[in-house]
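The chains carry the letters A, B, C, D, E, F, G and H, assigned in the order they are written, with residues numbered from 1 in each.
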Amino acid sequence: MGPPPVTESKAPVVGIVMGSDSDWPTMRAAAEALDEFDVPWEARVLSAHRTPRVMLDWAAAAAGRGLRAVIAGAGGAAHLPGMVASATVLPVIGVPVPLQHLDGMDSLLSIVQMPAGVPVATVSIGGARNAGLLAVRMLGASDPSLARAMERFQTGLAETVAAKDEALAARAHDESSGPVR
Amino acid sequence: MGPPPVTESKAPVVGIVMGSDSDWPTMRAAAEALDEFDVPWEARVLSAHRTPRVMLDWAAAAAGRGLRAVIAGAGGAAHLPGMVASATVLPVIGVPVPLQHLDGMDSLLSIVQMPAGVPVATVSIGGARNAGLLAVRMLGASDPSLARAMERFQTGLAETVAAKDEALAARAHDESSGPVR
Amino acid sequence: MGPPPVTESKAPVVGIVMGSDSDWPTMRAAAEALDEFDVPWEARVLSAHRTPRVMLDWAAAAAGRGLRAVIAGAGGAAHLPGMVASATVLPVIGVPVPLQHLDGMDSLLSIVQMPAGVPVATVSIGGARNAGLLAVRMLGASDPSLARAMERFQTGLAETVAAKDEALAARAHDESSGPVR
Amino acid sequence: MGPPPVTESKAPVVGIVMGSDSDWPTMRAAAEALDEFDVPWEARVLSAHRTPRVMLDWAAAAAGRGLRAVIAGAGGAAHLPGMVASATVLPVIGVPVPLQHLDGMDSLLSIVQMPAGVPVATVSIGGARNAGLLAVRMLGASDPSLARAMERFQTGLAETVAAKDEALAARAHDESSGPVR
Amino acid sequence: MGPPPVTESKAPVVGIVMGSDSDWPTMRAAAEALDEFDVPWEARVLSAHRTPRVMLDWAAAAAGRGLRAVIAGAGGAAHLPGMVASATVLPVIGVPVPLQHLDGMDSLLSIVQMPAGVPVATVSIGGARNAGLLAVRMLGASDPSLARAMERFQTGLAETVAAKDEALAARAHDESSGPVR
Amino acid sequence: MGPPPVTESKAPVVGIVMGSDSDWPTMRAAAEALDEFDVPWEARVLSAHRTPRVMLDWAAAAAGRGLRAVIAGAGGAAHLPGMVASATVLPVIGVPVPLQHLDGMDSLLSIVQMPAGVPVATVSIGGARNAGLLAVRMLGASDPSLARAMERFQTGLAETVAAKDEALAARAHDESSGPVR
Amino acid sequence: MGPPPVTESKAPVVGIVMGSDSDWPTMRAAAEALDEFDVPWEARVLSAHRTPRVMLDWAAAAAGRGLRAVIAGAGGAAHLPGMVASATVLPVIGVPVPLQHLDGMDSLLSIVQMPAGVPVATVSIGGARNAGLLAVRMLGASDPSLARAMERFQTGLAETVAAKDEALAARAHDESSGPVR
Amino acid sequence: MGPPPVTESKAPVVGIVMGSDSDWPTMRAAAEALDEFDVPWEARVLSAHRTPRVMLDWAAAAAGRGLRAVIAGAGGAAHLPGMVASATVLPVIGVPVPLQHLDGMDSLLSIVQMPAGVPVATVSIGGARNAGLLAVRMLGASDPSLARAMERFQTGLAETVAAKDEALAARAHDESSGPVR
């Protein structure tokens, strides 16, 4: 028998961690995605390089405190997602945060290329919203009501595309510079 | 109330899909990791480009058939993980399979850079073993016995490192070419 | 005996598809190129990831509805061109749309590195105008009047270069900062 | 009224060109794909850098001689596809041939990044087979019997995947090292 | 016995060619460097892709008209330098012009990776000034007065560095935010 | 017996060199870091390419004049750090300065990929502050008071993270757009 | 007053750490370089991801135990050098170990792109020998006898080059295939 | 009046320099190309990093000793071509030598991205033969007999292509696996 549905939880079930509050403008998209699904979360500034032990302690306690997934964002030599993964049994989702140079390629490789034994579930560069949605999918695998919410979300995506399709059909020929036909 | 523990399941709970049986030598490491944790799985050859509708049908039915996570491996313009993710609410783990050229960088970018709305949990290039372990972490978030197994696994990793550390200490100076001290 | 000349067609002969209307500012250059050659087109918003079945259905019906080429633009993990190609016998031209990060390199590799069996005719990053011109070349191979129009177009390119050549000769030495000679 | 069906042609309808006979082991896969569809072809060694005028003359005469598409392979600073495209109205398909260094990335960028006005339909690195199949798609757009042959080809690809799927199902669990279940 | 000193020439001895006048803002730095050394030049807009025969004719005639080096700038699939080199015995200097995407990496590889037999002397991305200086070095190898002018130029570079060194020494500590010492 | 503590030195113990004063806005962050630790420094404009002998002479004399580490910044084909290292026994720290194109990747590779025999201690692209801190660590290895200052600095980093953590906790939920909980 | 000369130390003054004994074939070149200078070292297998706390404890105790520099090698998402640096005040030298894919580029970026505050002195991909030599330079800055040994080492490098120069002069013309002169 | 024809010179007119005799297997192709044109050369092992002053002295004396161009090969953080260029007025041709990792991309960027003022004429990765041919072109610009030899060489290249073209025509259809036609 598994744990109760996450949307009935009072306590956070997803931890969102980042190395600096300068990552929050990127990472809040993860929080917003979780909010859309009523999944409680907590956000923490924890640095692999500046507070390594606090970070490990937080990670080691995460599962016991009721968290069921962690989202970790970092940039450059981005060690936070992998180090959190080293100290917890929870699935860790890594968000490569792009910095001033290299367009996030360093962040991506530093997060995704983990050695065998300690995986990090990596999403796209700057893809914090998808990190939140991935956490929802993970939780939904054992929470039918959350899975249904994800189905409705996907239906909504499809409807948005259909509406854009109709709108483009209405204006595409007007906006192109060619001859009237 | 969530589903029963996955290790008591008779039916597969993780689907392992790939575009060709030539990916199996890479992808079987995912199966082996799941076997180590007694997580039942099924393996399928499904191609985004050659059997798109069979692939979508399989993905759409996956959750209803009891699967709780999907591992998808692909190389080059690697569309399989993202397309499976488009047709299921389950978490999809993508394994970038390296092909003859570009060392898997094309596979990685084709899998990880998914647009907002449809995430793929990407692991390292060729990292099928980590894909299996990531699936175990996902399942373990709602299955305490599986989480404990992951803890034992991590303890084992640490013990292996400790043993290697001891062994290296015994031989490192002998093997270096410097003067005796 | 082949089909009638495309420039006499009332119905669209080229389909221009994209994953979101945010791609239209890039993709309209394809439409404008087709307009210059009086080749009728239609534009659609179809998403590989958000409306996979609608997209496959559209692709499967394209040839039967009289389309003779498809231009598909996408960015990031750009799956639309390849997935359309999987469901049609028509030639599919892929336009890598550059997104916020990586300058379109992810889009390019996701489109061009298709596996054997399902080709995509890839043009340059952001090269929607060339996608339109490539469609004209394809159609012109069986439509002599269109081929002649392409010849005139190429003559026009050459004349523009000649005019620029003359203009530069007139001003180059004035604009350089060196001594009068 | 378009030209007669290409499969009834005695004369070549696709030209396959390359800068050196050392590219033939790569490029013959294009010829073989055309053979599978009974599309007549000719193969030429023409060098953008060593025989520029012969190459331009060949390209300029190609359409008049009955060719309806050109496949050009080149490596490194790969100029052949683009230069052929500059001198013909036919669609030109570029195959990036990988050389000893850089894994074909230089070849790819030199072919695909053509300026507006002169497109090259680029396929994957080393993707000569797909170049042949792309030519078939182009020709099939005005040749219903060829389009039907492409449909049968795609059905064949799907059947191959299905057969591999069945075969993998039979052996996957045997080959993984886990406990019997 | 070689030709007369280039600085006594009335006619151009260096040709500066580019595919479009949009390259002139980059390429004029080459002209300005030649002006500083009183080396006469001519500038032409010649396109490998839009005016291939005009370009080849110009290149084939260049040596006979008294040119002794060519500087060619191009971007993207940058074929102009290599194609000019194919049709002349003169040394050709290639300037990779950066375009909107990829930061000039495509331009660089398209120019520098020439096959054995037809070299292009490639300078840095956007390095038109160095292209001019390289032409001066080439010409100076058989023109002692020009070689001496290059020596004076290099002395001038060194003096500029020395002056900047002195100036920095005077202000560096003032501008740093640390404690007075 | 080693040299006296660097913080008691009147003379500079770290040399900061760069190829042009245009690098100073990047490199001054190294000076500022040294200032925070009361480590005396000198800043010089020395160019590997424009004043090679002055640069070598400075490097050869550096250790004798009391310097104990050198920080060298350069961009593009960045030769200064390696060339200084070739002429001194001191540890040389290289700072890859990003230029207009390639985002510093050329600078990084030109500095870090030194051949066996002559190492350069490379820091991140634009990482001049870390270069200063690395010099402090090097000096602190034989200067206990400096090592203690580095410990206090690291404690300060941790405290800053803790403060940001607390601040984020206070505002994260307010700033996310989800429903109140 | 600084510490005693390192070459008189009985205890290790440099720690060489790596994540697995599979890195030892690469990393032993660092040990061998230290041996050439009679600098005592110890080698440890410590994993950032498998034994994070053991690793941090070792790093935190390193300075107190008499170590004065650390050399850390790691590959892929290479976190070991940066994590050791987070827990010590000693200078940490990072060696990017190339793995099966990406040729060490992931290792390099994961090590060198450290955030401000925690530097890692990065050497070339696979450059363990240079890591050892860099440690010698660091130690030599406060140990005149070690600095003199480095001078002798550099003289030796120059002599080797001179000998190779002489040898090449003797055989170069014989080995080239041209006519006798 | 320029210098006498280089093919009448007894003394070397081109210097070929490299950092180690391990580069000779790559660089000898430059010597062989010069031999084909009867251009006398000398080969030297000179290291930017191990014998910086010997290298600068050689470069500074090169023009005075009768050399008229320098070919410099180097790999990794390849500083030799640029440093030689800093100390001579002669044109310097750089050959990026590929090392064990990164396929020569580091070598290429370290050589081609020279700052304004000091150009290096860069050829392809491993392109020593082209370096020799580029030197011949440079010398031929003031030596009509050498220019004519280059014309004959280019004619020879064209003839080789023509012969390969004929040979391929004879065997291409036999070797393709398709049906007889």
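Just so it is clear, contacts are C-beta pairs under 8 Å (C-beta built on N, C-alpha and C of every residue); 3 or more make two chains touch, one makes a residue touch a chain.
In this text the structure is predicted, and so the values were computed from the model without any measurement.
Asker: Any chains in contact with both chain C and chain G?
Answerer: A, B
Asker: For the copies chain E and chain H, give the interface type as same if over half of its residue numbers appear on both sides, and as different if under half do.
Answerer: Here the answer is same, because the shared fraction of interface numbers exceeds one half.
Asker: Looking at A-F, D-E or F-G, which one is a repeat of the E-F interface (more than half the contact pairs shared)?
Answerer: Over half of the E-F contact pairs recur in A-F.
Asker: Could you tell me the distance, in whole angstrom, between the mean C-alpha positions of chain E and chain G?
Answerer: Distance between chain centres, rounded to whole Å: 40 Å.
Asker: Averaging only over C-alpha atoms, locate the centres of chain A and chain G and give their separation in whole Å.
Answerer: 37
Asker: What whole-Å value do you get for the distance between chain D and chain G if each is reduced to the mean of its CA atoms?
Answerer: 49
Asker: Which chain F residues sit where two or more other chains touch them?
Answerer: Touching at least two other chains: 19, 50, 76-77, 102-103, 105, 112-115, 117-118, 120, 124-125, 154, 157.
Asker: According to the definition already given, which pairs of chains are in contact?
Answerer: According to the stated criterion, the contacting chain pairs are A-B, A-C, A-F, A-G, B-C, B-D, B-G, C-D, C-E, D-E, D-H, E-F, E-H, F-G, F-H, G-H.
Asker: Tell me, which parts of chain E touch chain D in their complex?
Answerer: Checking each residue of chain E against chain D gives 19, 48-50, 52-53, 56, 75-79, 82-83, 85-87, 99, 102, 105-106, 109-115, 117-118, 120.
Asker: Please name which positions on chain C make contact with chain D in the complex.
Answerer: 1-5, 63, 68-69, 89-93, 108, 112-125, 127, 129-131, 133-134, 137-143, 147, 150-151, 154, 157
Asker: Residues of chain C touching chain A in their complex?
Answerer: 16, 19-21, 24, 28, 31-32, 34-36, 38, 40, 42-47, 50-51, 54, 76-77, 100-103
Asker: Considering only the defined contacts, which chain G positions touch chain H in the complex?
Answerer: These residues of chain G touch chain H: 98, 103-105, 124-126, 154, 157-158, 160-162, 164-165, 167-169, 172-173, 175-179, 181.
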